[in-house]
Amino acid sequence: MITSQTKLRVRYAETDKMGYVYYGDYAQYFEVGRVEALRELGWSYREMEESGIILPVLEFSVRYHKPAFYDDLITIKTQIKETPSTRIKFHHEIYNEKGKKLTTGIVTLVFINMKTGKPCGAPKDMVKAIAGN
Amino acid sequence: MITSQTKLRVRYAETDKMGYVYYGDYAQYFEVGRVEALRELGWSYREMEESGIILPVLEFSVRYHKPAFYDDLITIKTQIKETPSTRIKFHHEIYNEKGKKLTTGIVTLVFINMKTGKPCGAPKDMVKAIAGN
Amino acid sequence: MITSQTKLRVRYAETDKMGYVYYGDYAQYFEVGRVEALRELGWSYREMEESGIILPVLEFSVRYHKPAFYDDLITIKTQIKETPSTRIKFHHEIYNEKGKKLTTGIVTLVFINMKTGKPCGAPKDMVKAIAGN
Amino acid sequence: MITSQTKLRVRYAETDKMGYVYYGDYAQYFEVGRVEALRELGWSYREMEESGIILPVLEFSVRYHKPAFYDDLITIKTQIKETPSTRIKFHHEIYNEKGKKLTTGIVTLVFINMKTGKPCGAPKDMVKAIAGN
């Protein structure tokens, strides 16, 4: 199992008129979380795309416990709990500076071969890197 | 039960480098769907906020069946299947011009009294308007 | 000279914690304005891209006179005042429902041949369509 | 004169179907640049708002020299060249990892007293902090 943490600061653009981060913008935070989790494993999402594999999202669910506010320095905790097959599932939790859990999210993506447009397995090295941890 | 349909056109801004609509931008499409569903019932979300009730999102889940592409004229179908209490749940489906279902989403929001910061019931008139259909 | 008008409604996602539309989101409104102006002329931006011409933005300037607010039904007025060459310039004005001018913007884009990556002239038919008006 | 530099990584969400960062998303990058420039001076934009001053954007202009791409680690260079009065002007330049200048932008904001809704001067301490450099 892989666990990774990354921090980012809430932008003004991401707030809405309630003063909360807009519910749809957490998708971007989770994106940052999973890209950095893969980078820590030695995987560049950009290079994977350049090699002909894309990774569109299949399912996304999120539970909002508490709002995030402007300028909050949030921590995105990302976990991979299962060995990826044709799919890969990321478990995310977002915390504020006081350590309060704000959001829980799960994102499932599917490995697609760009040439064929069909699902393909996760790169073998990625499977090894994740299974080996 | 309430059913409402609204159309919108995919913006260039909403596409990503795969050429698909970015997975987080569907949150905005669902927002448009539920606001227009309430408007058809005679409810203005803006006026509800001005009267002191806000409606943050509690849960959000989405399943991506097929991608939406730039300039697609999509149809957002929105349903309210249950009488709202302290919460209201919207069921959304998005279709492209060929009638293919692209996305299925469920968004649950909670009625909050702005003064107290506590959950409050849905406005009685809204409950009646939805239950009466 | 071409003049076109299109309407759209401000999304909650586009507001910020001041309750105003975020200053960067006007870029999307202007995008909608120019795409619809071209569509009225019989031009599909999507088809132009499919034919191998892309149109990245070279310069963008905007002046904010008054804020747009959530749920405002705004009118985007778009003008092409000069015959396009390797570039095309759009003049935009945004008005609220009371007819107050909210924003003035100018966007200059450049026609690029996707294969060569070099600037190419505007499609001849587009030049004719604009010059002929 | 104040000069500040901050780095951020381009998100997938910020790319469009050309594979470039969408032209409107630079507004967010410039926002990050100016907030971090003020923070280096000891100023929190959030605290300024909490004290009753908001800072909406009056004018924004940007020139796109070269595109930024997905996963680029960009540097945002922000300068304040003039002592702020009722307005403050930020000069921004964005560079990629190879040191190529991608974008130049200028953003002018106006200090507004939230209670009166009228322009007010920049906080005296901010004027001193900037003039003193």
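Points worth noting:
To keep things simple, chains are lettered A, B, C and D as they appear, and every chain counts its residues starting from 1.
Basically, a residue touches a chain if its C-beta (ideal position, glycine included) is under 8 Å from a C-beta of that chain, and two chains touch if they have at least 3 such contacts.
Source: prediction; values computed, not measured.
Per the C-alpha superposition, subunit A sits rotated 180 degrees relative to subunit B, a value rounded to a multiple of 5. Here the CA centre of subunit A is 24 Å from the CA centre of subunit B.
Note on chain placement: the centre of subunit B and the centre of subunit C lie 27 Å apart, centres being C-alpha means. Remark: subunit A and subunit C have CA centroids separated by 33 Å (rounded to whole angstrom). Listed for subunit C are residues 12-13, 17-18, 22, 24-25, 27-28, 31, 49, 70, each touching two or more other chains.
Chain contact topology: the protein chains form a complete graph, every chain touching every other one. The part of subunit D that touches subunit C in the complex is made up of residues 17-18, 20, 22-28, 31, 49, 54, 56-64, 67. Within the complex formed with subunit A, the residues of subunit D that make contact are 9, 11-13, 27-28, 31-32, 35, 44-46, 49, 70-71.
Subunit D contributes residues 12-13, 15-19, 22, 24-25, 70 to its touches with subunit B in the complex.
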